[in-house]
Amino acid sequence: MSVLDVAGQRAETLVEALPYIRRFAGKTIVVKYGGNALAGTSSHDALALFAEDIVMMRLVGMRPVVVHGGGPQISELMAKLGKETEFVDGLRVTDAETVDIARMVLKGQVNPQIVASINVHGNYAVGVSGVDGGLIRAKAHDPRLGFVGEVTAINADVIEGLLDNEFIPVVATIGSDETGQAFNINADTVAGAIAEALHAEKLIYLTDIEGLRSDLQDAASLIRQATVGHLDQLIADGIIAGGMIPKVASCQQAVRSGVARAHILDGRIAHVLLLELFTDDGIGTMVVPDPVSDSGVTQ
Amino acid sequence: MSVLDVAGQRAETLVEALPYIRRFAGKTIVVKYGGNALAGTSSHDALALFAEDIVMMRLVGMRPVVVHGGGPQISELMAKLGKETEFVDGLRVTDAETVDIARMVLKGQVNPQIVASINVHGNYAVGVSGVDGGLIRAKAHDPRLGFVGEVTAINADVIEGLLDNEFIPVVATIGSDETGQAFNINADTVAGAIAEALHAEKLIYLTDIEGLRSDLQDAASLIRQATVGHLDQLIADGIIAGGMIPKVASCQQAVRSGVARAHILDGRIAHVLLLELFTDDGIGTMVVPDPVSDSGVTQ
Amino acid sequence: MSVLDVAGQRAETLVEALPYIRRFAGKTIVVKYGGNALAGTSSHDALALFAEDIVMMRLVGMRPVVVHGGGPQISELMAKLGKETEFVDGLRVTDAETVDIARMVLKGQVNPQIVASINVHGNYAVGVSGVDGGLIRAKAHDPRLGFVGEVTAINADVIEGLLDNEFIPVVATIGSDETGQAFNINADTVAGAIAEALHAEKLIYLTDIEGLRSDLQDAASLIRQATVGHLDQLIADGIIAGGMIPKVASCQQAVRSGVARAHILDGRIAHVLLLELFTDDGIGTMVVPDPVSDSGVTQ
Amino acid sequence: MSVLDVAGQRAETLVEALPYIRRFAGKTIVVKYGGNALAGTSSHDALALFAEDIVMMRLVGMRPVVVHGGGPQISELMAKLGKETEFVDGLRVTDAETVDIARMVLKGQVNPQIVASINVHGNYAVGVSGVDGGLIRAKAHDPRLGFVGEVTAINADVIEGLLDNEFIPVVATIGSDETGQAFNINADTVAGAIAEALHAEKLIYLTDIEGLRSDLQDAASLIRQATVGHLDQLIADGIIAGGMIPKVASCQQAVRSGVARAHILDGRIAHVLLLELFTDDGIGTMVVPDPVSDSGVTQ
Amino acid sequence: MSVLDVAGQRAETLVEALPYIRRFAGKTIVVKYGGNALAGTSSHDALALFAEDIVMMRLVGMRPVVVHGGGPQISELMAKLGKETEFVDGLRVTDAETVDIARMVLKGQVNPQIVASINVHGNYAVGVSGVDGGLIRAKAHDPRLGFVGEVTAINADVIEGLLDNEFIPVVATIGSDETGQAFNINADTVAGAIAEALHAEKLIYLTDIEGLRSDLQDAASLIRQATVGHLDQLIADGIIAGGMIPKVASCQQAVRSGVARAHILDGRIAHVLLLELFTDDGIGTMVVPDPVSDSGVTQ
Amino acid sequence: MSVLDVAGQRAETLVEALPYIRRFAGKTIVVKYGGNALAGTSSHDALALFAEDIVMMRLVGMRPVVVHGGGPQISELMAKLGKETEFVDGLRVTDAETVDIARMVLKGQVNPQIVASINVHGNYAVGVSGVDGGLIRAKAHDPRLGFVGEVTAINADVIEGLLDNEFIPVVATIGSDETGQAFNINADTVAGAIAEALHAEKLIYLTDIEGLRSDLQDAASLIRQATVGHLDQLIADGIIAGGMIPKVASCQQAVRSGVARAHILDGRIAHVLLLELFTDDGIGTMVVPDPVSDSGVTQ
């Protein structure tokens, strides 16, 4: 294919993306990027692809916000330091040393890695954590578990300031209480709370599954679209369970609070963000509000 | 190819365009669109493609300005009205009736056609002519030729206001003097003068030739890049002549006044604007400044 | 009279205008200027006087918007082109060629004439039509009549942008649908719709009658002031009829939607706009809202 | 004359003022209003006329600043209080009590009188004196004369803030030193210094003479226009003397520092400000810069 | 104590003030400064201390507004001028001459004194009276008493403009009616009305008493805090009487209209403003809103 | 001492600080906070005192920027991880793992500790490192030493954005190159480069020495003030040596580039920042520009 043909095809493709670009111009889109995605062997390449998607979103006029965790990386450093996890009544305890390690890893290792990958393309990204500008105020979830926190308030001033200055905020999900004590908080929950506080257009979870299924054993049972009410049912029926609960509950909470759409996407697909944003059908599972005058369930 | 594959290819292509999008974000780009392009049988399709390119430029953050003429359309209406052209010493005279017809066609027919094509995609384009906000101040070029004008001043306030309000200005090249008398002015010249007044990054002429040639008979002699000095030589040698003179002289004048690059492109190629903007090599002929400390000619 | 006396009288006159100037400072005033006014033998002088009034309004701090039609000019060009009007069931049809001619005349002839007359005084006026910035969205009024449109939406962003940049918008009343297809729309109706969209203080129709009469045969029956309810009665009684209906209905609609006052003035009187604006009694017919707690009719 | 005729004449007159209104839109004009003008029997009427002129200037877009003294009023209060003036070497001394009386009269009597007259027309005027916002910094002119001050610096922030908020500043010419000690300062000098600090377009002195004369005894010798160089000559020749010196020197200083025009007008003529601003010939004496490449004297 | 120790202590003290500084940053605080405070032998020193407090408030980010009267100073000038007070039915009459004297003293003597004291520290203060920008619109309280006014409207634009430009407004409490006629108005009432118009955080009266007492004869009965309802009771019981009524009524009115706290402080204590603002307990009497769901009286 | 007396003393002290507060209002002050200060046994208290000073600076209107290193904390984590330092030619090498550890400690441990201490007082501080918004662009200092970086460019946009939004930036001194590779950079050097880029008023180093000495053995030889030229001499003479070199060179470089004053203070003194800012004599060593027309040395 000649250089001209290649360029011609590129032009056609760009033009096809026009209506999608137009639809999301100026909209805030919160993307939860999982720690798993950064931990694998091909993590560097995956991160580079992810960074391209985020920069493209910003260049075509969206306001992306990245929220990330980093469980595997925390475990890795704890192992290196010979730190063992305590348990109380069978539950994992986050002691003071552990939350310091978590903060060190999330803010000092995972966060700058993501920022650096984005900034290969320009001075776009700025990393923050929950203590910066009082972004995530937290308290202990259960005193017996130590410094595992739950969100009590989001103060989004620092993020909005960065967005208005055309930066891309990258958020490490460490919160703090009024004394400055750090808490480790579930990143899925934080992503939802931030989307809500920013009145985001979309909340997107990049995961390592294809989407939600109505039958866990059946790949063909992928749920393309679900109302928040439908998800209540699926949780009640035990079809959504385990680690998916915080994601799904955050999707529900965000959509109930005014976020237009929440998505659970397969982060292992290259450029999955652009795929979702630039395809009519979309991919993965999309969560939508319940119909206004209707108790029914859409599927 | 599956839907996912198509979308994947689209994502890849978008990502490949990233560095080009970044480079021109916030830059003003003046595009001269020829009346010929609107006159042919396939003109409607060509105009639709052109409109897509302009909207895409705007959506990825550029500030495009469209300048157009409409010679064939003027001739057509004159023919319908049975109006014959006068000559003085063999030169075509623009009498009062003719300039009124020209204004009617350019502002009332060609301009809204272009505006409407762009606005299929949204409320982007706003048409103006030289009398609006005093944009193009003109005087008679040669009194014997009547109301053929030359530019005496550009007052770009109205265009800058529209750009700042995120509109796409579409300019019909009718100027006026201080009494409001209309003048018909060469659209190529106006495009250059506006690019200069706006301190544009690029001035692009869409023509019906492939580009400049160093040997008119030899398609292989296409000049890919020329300094303004080189063009002086080609004009002196008679290689650039006739209708190309105003375009080339406007390119030279614009580049000498600070416009970074001027381009002569083949408007018959689909999406030629995006091709030029999103390809390293570019296409057609690019005019660049003379090297600073050097009398040489680049090719 | 000495130079000093003349100047002294001028000073006195200016000072008498003080309270009127103060009252309308910063207010938006939409003026419908009729195509008839431009068609007569003394049209050039009338236009010059009108332009002076508009510029004066702008200089003393009002925000004037001019809306115009151009029926006689359209008919004239159709005649020159040998284009005959078709009729369906006795109604005049606007076919594709006719609406193109209308657009050409309104946007390409009448509009720049008005703009040029105003701009003799400075770079004030900018002409727009309904397609510019999606200003007037229209649809077919009655499919059998072709491209006669009715307003479906006004998007006043382009006008507000021009007013905020201290320009005087001059609007040609050609609308378009979402495909860019042009429609010819009654200019009286458009003027009212724009006044409503801009939350204008006043809507003024310049006509070739003295004002509304309660007895068509009796010049002494001129109605100086009428509530919108009173006008309903006059229409029901057949006293307001024919071409006056769109004007009167637009006055009623505008006043019902929050425009404080609507006026039907005699455009043949020199400086009639300044007369209306700078006299306590006013002239012509003024339309005011119905009294709030009252079903009565004011006269 | 009918109501319509009167209104028509008013409209004509307004339109004649158009070019003058346009010329001074947005321009800062400093007007020195003399204490004498406020002291006479018909002072109330004169002040009302003056207030109308100032409000009109503001309504047509100028930025007027009023500067005033109040010598006669100070003398009057001193007389009532039985306070006698001391002399040193034949020169009048301003002791502490006298400067307090001056401040009380200027800021507490004359200034609010002018402000109130203007504000009959709306909430336009705000009175300030030299101590407000550090507007006029002063020091003793000659220690033997006590608290007679000369200007050491103008800090125009408070005036510019008021002008930007669309108020009309009215300035009482009491200055103060860094300890807050008040000084009485020649109001003519202050007016010039403020015009200079504001980069005013015009500095206008309202006096009780017709203008400067080249022969004091000959009313026909009124000087209509003089360069600053010409005035040096007239001072050297003793033709300009006494109380006119501070006015003329301030005119010269202001014009030399970039104020375009300075004027000495006869404040006894009704609406003399509008006369000057809305007449080509102007009245009184106008001071203009020296010709650039010329040592000559213009008349 | 060494220089370092002194500085160390200073640092400690500043740090102790931190929470108070933070609490009031950006808040508007209206301070009524009594004419009495300016009349005594040590008035100069007291004024200097007061000025320091006001400047400190401004420098740590508050928006202070000073309102003052000047009864003793008015009486003093009236005495000097041999002007005697008339009585009607035993009530003091303010005739035209008296209100002129009041204006002269308040605006021309007391106001610039306060402004000058503040401006020893920088160009902070700007004096205004009720006529400036139409700040205080007034009418006669009782026609028999002449020009004693009551507030009909506050137009705070001029004060808000000054605050936004980071000036400290100092208000002389002379109002005016729509003809510009001056009225002398109780300064306590004006202070309350201005606090209300500005939605101030605090209204503070500096008086020459320690605070309100529940038993006038018993210094130990100082009321530290009272609800507005409690004050109604104290007035009904005759415990609050005489000159305290306007202050207390203004406190009540202001707190009822949304001012968070009103204070009656002893202006004879050095730096009493900073004491109140930087102490948890506060001093003097603080007026707070009635409890929302409770008819009770707090003490 | 009574509560009132304590408060009174506090008021006096605040008032004494007035001129210093005024002098630095709106000024940017860069403070280098050493990692040593955070490492000691009383580090928590010292950090709390430091945070109070920084918040006080912000509340009285300065724009503080904190820059910090964290050498001891890095060594501590390396020891825990059993990581040994390599040497090349006797110089310490920073390999890839080491720079990752440094980043983790600086950005993930020291930085949030400082941010949290400041934010006990409100949502003031926001932590950033060199990769955020491309703040610190770096390259290898000496390839043999690995990822020890030197500053190639400072892009202060992110810091200026935070300051304009009224946040306090806290900077971890990890830089990165255009590929996103992290480099560990001397924090003293970074502090100077940032002060220069921000056109700061002051650059302050908090150290664990009293200041510079002219005789290292003699505590009495403390240098209170030195010109940059004098410091050249002291370096040449070997009096300034070792770890002080980067601090002193950065002071010199910053002052030569327009920073008005640089200071070397003893961070072990409580509230040393407020002491320096609120004392005429200051403490520690102050570096000032060379006298303009003079080769001399000031001491």
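Chains: A, B, C, D, E and F, in written order; residue numbering restarts at 1 for each.
In the analysis below, a contact is a pair of C-beta atoms (placed from the backbone, for glycine too) under 8 Å apart; a residue touches a chain by one contact, two chains touch by 3 or more.
Just so it is clear, the model here is predicted, and its values are computed rather than measured.
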Legend entry - Each chain counted as touching chain B and chain E at once: none
Legend entry - Number of hops, chain E to chain F, where each hop joins two touching chains: 1
Legend entry - Distance between chain centroids, defined by C-alpha means - chain B, chain C (Å): 36
Inset, instruction - Go ahead and note the Å separation of the Cα centroids belonging to chain C and chain D. - result: 45
Inset, instruction - Could you put a whole-Å number on the gap between the CA centroids of chain D and chain F? - result: 55
Legend entry - Two or more partner chains touched - positions in chain B: 122
Legend entry - Topology of the chain contact graph, where touching chains are joined (line, ring, star, complete, other): ring
Legend entry - Chain order around the ring, beginning at chain B and proceeding next to chain C: B, C, D, E, F, A
Legend entry - chain A - residues contacting chain F, complex: 80-81, 100, 103-109, 111-112, 115-117, 119-120, 122-129, 131-134, 155, 157-158, 161-162, 165, 167, 174, 176, 178-182
Inset, instruction - Flag every residue of chain A that touches chain B in the complex, lowest number first. - result: 3-4, 7-19, 21-22, 25, 52-53, 55-56, 59-61, 121-122, 269-271, 274-275, 278-279, 281, 283
